[in-house]
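What follows is a pair of complexes built around chain A, which joins chain B in one and chain C in the other.
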Partner chain A sequence: MAVAQHTYSTNYRRRGAITQTIFNLILMAVGLIFLFPLLLVISSSLTDEVTLARTGFALIPEKISFDAYNFIRMDPGRILSAYSVTITTTTVGTVCGLLIMAMLAYALSRQDFAWRKPLSFFVIFTMLFHGGLIPTYILVTQTLHLKDSLLALILPYLVIPWYVFLLRTYFITLPKELIESAKIDGASEWRVFFQIVIPLSTPALATVGLFCILMYWNDWWLPLLYIDSPSKFPLQYLLYSIQKSAEFLTTGEASALLQTVELPVQSMRMAMAVVAMGPIAIAFLALQRYFVRGMLVGSLKGE
Partner chain B sequence: MIRLTDQPTAKHRPGSAISEPDARPGAILWPTFFSRLARNIRKNGTLFLMALPGLALLFVFQYMPLPGIVIAFKNYRTSQGIFGSDWIGLKNFEYLFKTDAAIRITTNTLFLNTVFIITGLIASLTIALLLNEVRSRYLARVYQSSVFFPYFVSWVIVGYFGFAFLNGDSGLLNKWMERAGLNTVSWYSSPQYWPYILTAAHIWKSAGYWSIIYLAGMMGINTEYYEAAQIDGASRWQQITGITLPLLLPIILINILLSIGRIFYADFGLFYYVTRDSSLLYKTTDVIDTFVFRGLRSMGDFGMAAAAGLYQSVVGFVLIFVANWVVKRIDPEKSIF
Partner chain C sequence: MNRHSLLKLVSIMLLLSMVLTACAPAATPAPAPPAAPKATEPPKAAEAPKPTEAPKPTTAPAAAPTAAPKAAAPVEVKYTMMFEVQKDIKLVEDAINAVLAKRGINIVVRLNSLERASFTEKMNLMMAAGEACDIVWVAPWISPTFSQLVINGSLLPLDDLLPKNAAALMKDMPPAAWDVTKISGKIYAVPNQQIWVKPFGFHFRKDIADKYGLDLAKVNKYEDLEPFLAAVKKGEPNMIPIVSRDGTPASIYMGETFGFDPIVTQDVQAVVRYNDKDLKVINAFETPEFKSAVELARKWYQAGYFNKDLIASAEVAAAMKAGKFAGGIGGVIKPGGDLELQKNYGLTVPLVQKSVTVPFMTTAAASATSTAICKTSKNPDAAMQLLSLFNTDAELFNLLAKGIEGKHWVWVDKDKKVIGPGPDAANYKPGRDWMVGSIFNAYYVDAGQAAGDMIGATKKLNAGSAASVALGFAFDPTPVKTEMANVTNVVKELAYPLINGMADPATTLPEFQKKLKDAGMDKIVAEAQKQVDAWKATKK
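Presenting the complex of A and B:
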């Protein structure tokens, strides 16, 4: 009996080691497949333009060249302007959005707030039924006159109902005694909110804030609808307009060089994509666990 | 664990147990009503003020467009405005459903979203199960990061990635096919391949996100179940099918139901940027959202686009409502309302 058990467990362990290797190999392959497009774009941004045209996109550049990046550096106007638009909308939108959503969520989280239920429904209804694109577009452009305004890139995303409820769920878990005792001591609602609730809620606020940053940074929808002038293009929309027009490079300072040098069109597009992706990739690596935590708050609450 | 058979009882319904002690049905005593209102305002005024900016923004961007829905029943002219344009009854809908556009965008939306739900579930569950089996926490985190990464990449950039693979002259795929002696394909004008390409792009972008959610669910399972199963000689596979998957079922079901609730809405970025809005591909890639957008942008037919949009909103509303109702039966905590 003892012998049998021994054999069983060593067998089991040896099989375990083999399966571990297999699982690791499979996951490594999956991971590489998922990273492959990124690597391909980075490598083609570093490939010499003539080589790129001849051999096509390849994972390992046959002839390395930094021309694409040099051209971007020589004529950085457009990408810098796009960066500043994106940074503006992202910071203003995230800061204002967080404050507005937190205040709304806090009011809705208070069990003694008499209008909690009708107002919650007011928020929930927006998740269920939309007026649709056309009425919204006409409202924004003809009633609010926000066409080609940076406000059109910020205002529509300030209050996301889903995040309001995520914050509310968190606020409900805060001990009520803290709020009540502060109020007995004479603190106003505002003071309770800013000096007790907000400091206690930094994890939830950080998570929602990160999602807002990602949403504003990666937004291509609002500029596609509302922005016309190139000086107001955010990053994603600049990338889109580059993809659309091949002749974009022939404007600005770069055109002066056209006579002497072959312009790296293809590799430069890919370099632009890399430059635009940079910050979000770094943010991803640094802050990934906060995102994960936030996702789990949203999907597994009460587990 | 949450069972399907659990019926929500009264105590599960939030708020139903709490009722105002002096609330008497039927008779409204006006003096009481007003004094209570005054007390309410005094007590709740500040909280209401806090909620006000958010409510105002929702009012402007979500409620104010609602009257504009009537455009679907009008011959909209910009110069005449929404309410000045002529009523034309159901003409826009007639026109929409008479052409093959309505059928095409509806079937494309429903078919592709169904494929996305099924393949996405299989891919993310598989990744989560594999990650759950890996013993080295460090390696697991590396794998997890690399599958999660695409979630942070915008669809515009995914469009660039796709272009590196698919463009006719220098795309990687065609180069590979050349090398293998196959005929190259002009991908951006061959609609028959796009259901596969779009599915791959969808899996690539979202599988990491969902696998993290399922992995967290797996880590929440009590290890005693597995220990007991091992003592009984259950294999890893038996443990997965006998313990992990059944215990994960409620989360899976709820995610599927919520996706079904949104099945009438397509991921615009995927269908617009990854296809590069190539009109040659519309047969298999045109969905309700891209159709409405084109109505606004290139066709300039606001009436028909609004009709398609309203069609989407109404069917979408019914689906979300039904899906949420079912979710509420399974687990009241997870429902949206």
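Presenting the complex of A and C:
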């Protein structure tokens, strides 16, 4: 790594500082473009509704107000329970999913596994065909009886065929001799998997893990279908639901019927967005470097 | 070094998983692995026949008592409606059941409230999967629409149930109303009584109206507002006279203002004149009325009576409160509506309002919200009884619509039936009286509404308005689905800016009319005419 960085910067020094500055400026501009909406959300969550309506969105609000965050103080239960649901499904789902997918992918990567082909077919088949919404719904609610259960938020995303193949491709790149020698030394299959394969596959696992975290954290579709009690709403669905009800009240679907209502105001919606994106943004920053490296999984041999 | 921290990460993850497995109530991770293949497995043929047999166990306890004598366990009725999340909904459900038990009615209600966010999907899946449900709220403007549900066979015809179980409701409902929820001669829903006409008009802040001499008595059409608008524009440099919002325009051109009954949709204005005995379907966008309305809108836009850029609907209230606008046009002017709007805007000054439309009753308005019974209902008789109660019994209606007395609301003036917010008002305020029955049962939330006899005035408006000649006709869009989508797109692209005055009618109107033709507007008009004629034939 260090060596690579060295040649990289000397190369640039040779080409001249001007090119570098130009590139940096362009990248900074692009970075700002990406950052701008985020800052706008944060700044508009920090002002009050009337100011927002009068002056419009501004990077530096005319009047600072924490009114929008009052909903957290007034009804902390709702947001806290949504957080705990999201954290539970994300953690349990990611850990279990990663474990199952890794085991499945490892089995598929072993040339000496007799059932490799049928099992691969089974995984590929679900990648190409699925039963559709209504049969899935009937399976979950009437066969598995998971309606209004947190398991309904976890199970459907537990094994994603695409990630299984990503992991399998990575496992195949591990030298076969390593596994063989471990076996000669008397290691069981479990031991080979957990002590040899897993530690060597961290970039792939971190990538898939991050994908899973994002998938579970951002999911609003499964709760929309399966969750009835508000106490089991995850964060994203809570936001989606608030957004939808605001749209419903204002876009005229029911305009002729409209009666006195209290709208979730603009600044409050921004505040909710800030509250919801906080932790995942931090997680993303922390895991980013694995993520970037993991993107190359399958195209390069492991380190 | 990297590898080390990675190892740490993975081991923390694994540790976490162990901890979770240990602490979590056995249900969470333990059964996960065996169930996993099932979840990804495509539920094919094997799963398909299940819907018919699967619901049985869930409804079995409810189904049994119907056969048993009355003294047995009460009949359970599931009531599905669309409220946003209400914290105290369980308390309200218990309170309703307590009232039912007190009166010796052998029914318990289970409130199944879906949020707007999940209503469409959950309703569709509930119906497709054949899940048991009893009472459902339906509307023609929200998917799955009332007619879709009828076509799919999800709803039960009510013709036999009504006389048997809902005498009070039959007495309360104006007979003409049953026509609007009839499909192929059968009644499929109970229309919720509310304002059944659409008198469009304008509203302005009273302080501004007084300051610039708006004499309501002298304003009978939008043109009469011009001197007032000019005066506001001149006298209030920081205020725009009329707010123009995004989404469906609320402006000078609203079909009903010109006596057009929008029998197809609000966007696809293939209309019938409400008093045209011949029931001729016309393309409203080619009428002189539309042309003059968009020309007036353009004139006002250029004079600065509208905001130059549309404002998001969600921000209208705050903008009104901030004093950015003097008022609005193109809204339904209903009795007591000025008080509601004032509350919505959060204004301290009152509003004045007036309609410039001859009100008439249309299918779209009268069937805007109604309640139906599912085909899967195991107890249609009990469901009908309960439905009748929510429509005719003020105590039960207000319990569901406004919550529990002393908790969610308190009496302000019991004689005049005026209520105010209670100590726990925030925990239950669905704000959708019109969804749960006849709103004429509702208590007033403002003394001004009682003073103006809002309910009496609305009833009088309904009763005193002419019925459109097409009342009871419901258009089936299936044969012209593609054209409907194309025309709707053209309307959104070109008619909205025209109606808001943002496009110049001199150039855009001909372009719009040509594009409409290309998109198949004529075919829709012809199809609507065909259906209207067939409907007319069955009526006579």
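As a convention for this text, the second predicted complex is superposed on the first by the 240 of 303 C-alpha atoms of A that agree within 3 Å, B and C clash if a C-alpha of one lies under 4 Å from a C-alpha of the other, contacts with A are read in each partner's own complex, and residues count from 1 in each chain.
What we mean here is this: a contact is a pair of C-beta atoms (placed from the backbone, for glycine too) under 8 Å apart; a residue touches a chain by one contact, two chains touch by 3 or more.
Since the model is a prediction, treat every value here as computed from it, not as a measurement.
Quick one: is A:Leu174 in contact with chain B, with chain C, with both, or with neither? Answer first, second, both or neither.
Once the two structures are laid over each other on A, A:Leu174 reaches no partner at all.
Touch check for A:Ile154: first (chain B), second (chain C), both, or neither?
second
Of the partners chain B and chain C, which touch A:Met215 in the superposed model: first, second, both, neither?
neither
With both complexes overlaid on chain A, does A:Gln142 touch chain B (first), chain C (second), both or neither?
Once the two structures are laid over each other on A, A:Gln142 reaches both partners.
With both complexes overlaid on chain A, does A:Leu205 touch chain B (first), chain C (second), both or neither?
Only chain C; A:Leu205 stays clear of chain B.
Is A:Tyr106 touching the first partner chain B, the second partner chain C, both, or neither of them?
In the superposed model, A:Tyr106 contacts chain B only, not chain C.
Of the partners chain B and chain C, which touch A:Leu133 in the superposed model: first, second, both, neither?
both
I want to verify the contact counts: of chain B and chain C, which reaches more residues of chain A?
B
Which partner chains sit in contact with A:Trp115 here, chain B, chain C, both or neither? Use first/second/both/neither.
A:Trp115 sits against chain B, while chain C stays out of touch.
Does the superposition put A:Val92 against chain B (first), chain C (second), both, or neither?
second
Touching chain B in one complex and chain C in the other: list those residues of chain A.
Touching chain B and chain C on chain A: residues 52-53, 100, 126, 129-131, 133-139, 142-144, 155-156, 158-159, 161, 237, 240, 243, 266, 303.
Show which residues of chain A lie in contact with chain C when the two form their complex.
49-50, 52-54, 74-75, 78, 88, 91-92, 94-96, 98-100, 125-126, 129-131, 133-139, 141-144, 150-151, 154-156, 158-159, 161, 198-199, 202-203, 205-206, 209, 224-225, 228, 230, 233, 237, 240-241, 243-248, 250-263, 265-266, 289-290, 303
Given the complex with chain A, which residues does chain B contribute to the contact?
Per the stated touch rule, the residues are 15, 18, 40, 43-44, 46-48, 50-51, 53-55, 57-58, 60-69, 71, 78, 81-82, 127, 130-131, 133-136, 139, 142-143, 145-150, 152-165, 169-172, 174-175, 204, 208-209, 212-213, 216-217, 220, 236, 251, 255, 268-269, 273, 276, 289, 292-293, 295-296, 302, 305-306, 309-310, 312-313, 316-317, 320-321, 333-334, 336-337.
Using the touch definition up top, name the residues of chain A that touch chain B in the complex.
Per the stated touch rule, the residues are 19-20, 23-24, 26-28, 30-32, 34-35, 37-38, 40-41, 44, 52-53, 55-58, 100-101, 103-104, 106-108, 110-115, 117, 119, 121-124, 126-140, 142-144, 155-156, 158-159, 161, 164-165, 188-190, 193, 214, 217-221, 236-237, 239-240, 243, 266, 269-270, 273, 276-277, 280-281, 283-285, 288, 292, 295-296, 299-303.
In the complex of these two chains, what residues of chain C are touching chain A?
Residue positions touching the partner: 2-3, 6-7, 9-10, 13-14, 16-17, 20, 24, 27-29, 31-33, 35-44, 47-48, 50-51, 54-55, 84-85, 87, 112, 115-118, 121-122, 125, 128-129, 131, 141-142, 194-195, 198, 247-248, 250, 312-319, 321-322, 324, 331-332, 340, 343-344, 365, 368-369, 426, 429, 431-434, 445.
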